[in-house]
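Once you've had a glance at the structure underneath, I'll fire off some questions.
Going in written order, the chains are labelled A, B, C and D, and every chain counts its residues from 1.
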Amino acid sequence: MCRWMAWHGQPVLIKELLFDSPHGIVDQSLHSRMGAETTNGDGFGMGWYGGGDGPAVYHSVAPAWSDANLRELAEHVQSPLFLAHVRAAIGSPVQQTNCHPFRHGDWLFVHNGYIADMAKIRRDLMLALDPELFADVHGSTDTEVVFHLALTHGLEQDPIGALDRTVGFIEAVAEDHGIKGAVQATFGVSDGTDLWAVRYATIERPRTLFASAEVDAIKHLYPDNERFRRATADDRLIVSEPFSDLPGVWHEIPESTAVTVRHGGVLEQQPFRPATVAA
Amino acid sequence: MCRWMAWHGQPVLIKELLFDSPHGIVDQSLHSRMGAETTNGDGFGMGWYGGGDGPAVYHSVAPAWSDANLRELAEHVQSPLFLAHVRAAIGSPVQQTNCHPFRHGDWLFVHNGYIADMAKIRRDLMLALDPELFADVHGSTDTEVVFHLALTHGLEQDPIGALDRTVGFIEAVAEDHGIKGAVQATFGVSDGTDLWAVRYATIERPRTLFASAEVDAIKHLYPDNERFRRATADDRLIVSEPFSDLPGVWHEIPESTAVTVRHGGVLEQQPFRPATVAA
Amino acid sequence: MCRWMAWHGQPVLIKELLFDSPHGIVDQSLHSRMGAETTNGDGFGMGWYGGGDGPAVYHSVAPAWSDANLRELAEHVQSPLFLAHVRAAIGSPVQQTNCHPFRHGDWLFVHNGYIADMAKIRRDLMLALDPELFADVHGSTDTEVVFHLALTHGLEQDPIGALDRTVGFIEAVAEDHGIKGAVQATFGVSDGTDLWAVRYATIERPRTLFASAEVDAIKHLYPDNERFRRATADDRLIVSEPFSDLPGVWHEIPESTAVTVRHGGVLEQQPFRPATVAA
Amino acid sequence: MCRWMAWHGQPVLIKELLFDSPHGIVDQSLHSRMGAETTNGDGFGMGWYGGGDGPAVYHSVAPAWSDANLRELAEHVQSPLFLAHVRAAIGSPVQQTNCHPFRHGDWLFVHNGYIADMAKIRRDLMLALDPELFADVHGSTDTEVVFHLALTHGLEQDPIGALDRTVGFIEAVAEDHGIKGAVQATFGVSDGTDLWAVRYATIERPRTLFASAEVDAIKHLYPDNERFRRATADDRLIVSEPFSDLPGVWHEIPESTAVTVRHGGVLEQQPFRPATVAA
């Protein structure tokens, strides 16, 4: 059920991370090693900052591995901050409005995982949205509802706090319906300046999530690696699964953890604890 | 905003009505004469009875005029009862889940027109759905919400009565929001046995709607017409706009009117008066 | 690189073989066990006889596992003779005109495998086509050229002989260009009455191909199997890989072999030896 | 049959010309005034220079008016030189490989019009291609063959001379087949530095083609126009039909004429006379 990646660093041609990395996100669309599904062929999405106002999004129902337009964009668009997502649909249709990242103003949102028994609680979750946001849910994924709940709970003011409250609320609603293991998730969020990521699951082991190590440490480990030589101290990647098997390059983000990536390659980590919220 | 047609009669190859009629629905997708838009190129949909359990639906985001699969199906599928719809989107995206006809069990539903200011009242209308149906709304059109409201109001027991109540309810909700001219519509509905159609608008002139005349009368008028010679007394068409300019072949369905087509070419007509319903 | 199946037998709802079989062709699109690629997500195609004139074809760029229209058709179309194909593209784009089966008049053609270094010899092969057929090649696959070469070499009069000559010709052209291992193939062909299949490769082991056993033998082996109980002596399947692991149900078609399936479940086998043809 | 536009000037957000111009190319896709067809809904294509190596192309089978990705790109991609094309297919399928512009190295090519009876002469034209280019023809349009013929005849060294020879050759081949009025065309070509356009038809009036006037003259005529105030002396547009009805802003390019647009807004005009070439 999906793989995603986020880049925060020097401006790069998007293809360097999508296509030129040995086990990049496009390769993961065909051959995921750590995902719940090996194939993530139910659409692709990408959102990037830079050029025009606010983030651009590209949503495609073609599998990432065969999308000629994606290859074109990747080869010609540069960005210092972008998210990409390959989807393995679990029930909802393959259509552009179900492709991540979802967008609201300057904000982008991606998700790997699911809300359990979503059809049973969809109504209750939708009713809890800020009424102004109700008609902004254009697709039929669980993720888009989660995103609008998070916006309702203050994502734009306090991203991690809003996700705490959102997850807590979903868990409370699910419990009311007798649903176990409500939330299975890694989330990625950005406003174009910072990047946030969360790894959490109500009861099971959450989906995998990794951050790239500090660039200096990577260069020290692999002084002859041509790709790493171009890296700068600003560069950080958050990924569902590592692009390579090189020891020391990737750090697993622990369960029930949120991270913040700021300008300059700063990576901060904090516990992620869903707030107690009444359903 | 959309054109549709419905066939109730002898089993025919679908192409006879979609492609071989002089101004059939596919021609109307490019060159509508009476529609709000001349071009209805934002997807195609068709639902037919016969073969397998319940109705089949085919939904395509390609314009009807260029869809190779549609041409194949039309040339190889026979049906005694089917509905086809070409869409001119007004706001909601072009995706299969926004293509008509919508389906629930044995029921098919098509619509030409709109609910005014839908984004403003979408939440109130969705809340009024039977909660069991809430998660069955997969797309983002106004029509799909209307259909599920009609199901909530008893479409399967009393189609025209349920539409009376549905339209009345929508008008009441719209009035609460200060919206004028809530409903602009022709509707087509079938359960695989009968076919119902409604022409109604809250304040403006409703979209056009026509029924074909009795086959005997048509044959009498055009004794040498090869196509009409194959017609039987069972055959009836309901269409957004006539397939031909031949006088006497098409009867305009009056405003604020519902019709029922039954086996044997029976066409019944009755006034359509939205029920007074509290919002 | 692709998986295909062909049914010749009693009329069945197509879904029985596409979706309801345990490891049917749609499951193979996601999880092929014997194919060169595990994922065959680069489009789907199906051709069936019955209804209208000649075979119908349905070509879709969506992966078979997520194509809502395919599921609809499979649940509502019955046929006594059909071919289905899931594609793993190797170079040529994912577009409907590259989906199998290819059609000419009453003839359908599917292929699993490749012509080596096709770009180098495409021109020579196209020049060898009957000039009347040149503009009928609408896509960019190797298979469509092979099919039109076979038509040029008399497919409609002598299917296996024409394939002998076609393969021999391709091998001769390839050799002139210094290309080794020109042809890697299983082919499926039908005219709506009979069904032919070929398993052959110039130098390597050809792609896998299997025929279902005689229905009586299968019923004898599995007297309690509900699905097999509905089978009749007319029924034969030719498949790239078995739909099940049940011993005795599937017979591997040997390398360099052609088979013919005729009405009544007759299965004939003969050696396949490419003819010596001047390039 | 198609409308196109080309921009050569200061870097602009692509949306300014595609969406924000009163009768821009996207509006022309729905409501062309001067085209052979009012609807150009059979796919969209765009090629732009700037960012990455060589030109980027975006090809979409969705009508331009409903393509969400196109709107995103237009709002976020800036370019000093780009071509856009809306297609009305005449026979060949709607697929990305049939969308203009076609590309070879740094070169882009668009076409409005047709080669008469293309199916009859396709083989002869393809045989005349540089054999190295034969397998580069991936789609099934006449235009892509014309482009590769022009490359064969030296487009990269002498664009207008190569088009002279190409058109002359096509006319000679057509005449051999007894085909009248072989070529109906406006062509647009660029290498990323200059822009060339041709207006020509063998016997009929060629499709319309216009160039924008000098910016100083336009500003003098419309001193209060906000859009024109942002224009610089570098800016030139070549369009199938004018974006506005303002007198003095657009000059019709005469029949049988080629124009060259160079840096600085230079517009040069010369007669276009097909060379005499043996078929």
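Assume a residue touches a chain if its C-beta (ideal position, glycine included) is under 8 Å from a C-beta of that chain, and two chains touch if they have at least 3 such contacts.
Please read these numbers as outputs of a predicted model, since none were measured by experiment.
*Asks:* Please state whether the interface between chain B and chain C is built from the same residues or different ones, using more than half shared residue numbers as the mark of same.
*Replies:* Chain B vs chain C: same; shared/all numbers exceeds half.
*Asks:* What angle, rounded to the nearest 5°, describes the rotation that places the Cα atoms of chain A on chain B?
*Replies:* So the angle, rounded to a multiple of 5, is 180 degrees.
*Asks:* Per the centroid of Cα atoms for each chain, what is the distance between chain B and chain D, given in Å?
*Replies:* 40
*Asks:* At least two partner chains per residue is the criterion; list those residues in chain B.
*Replies:* 68, 93, 96
*Asks:* Touch graph of the chains shown: is it line, ring, star, complete or other?
*Replies:* If you draw each chain as a dot and join those that touch, every dot ends up joined to every other.
*Asks:* Under the definition above, what is the set of chain B residues touching chain A in their complex?
*Replies:* Those residues of chain B that touch chain A are 92-93, 95-97, 118-120, 122-123, 126-127, 131, 134-135, 138-140.
*Asks:* Flag every residue of chain C that touches chain B in the complex, lowest number first.
*Replies:* 13, 48, 50-53, 56-60, 68-69, 72-73, 75-78, 96
*Asks:* Using the touch rule from the top, collect the residues of chain B that touch chain D in their complex.
*Replies:* 30, 38-39, 41-42, 61-63, 66, 68, 89, 93-94
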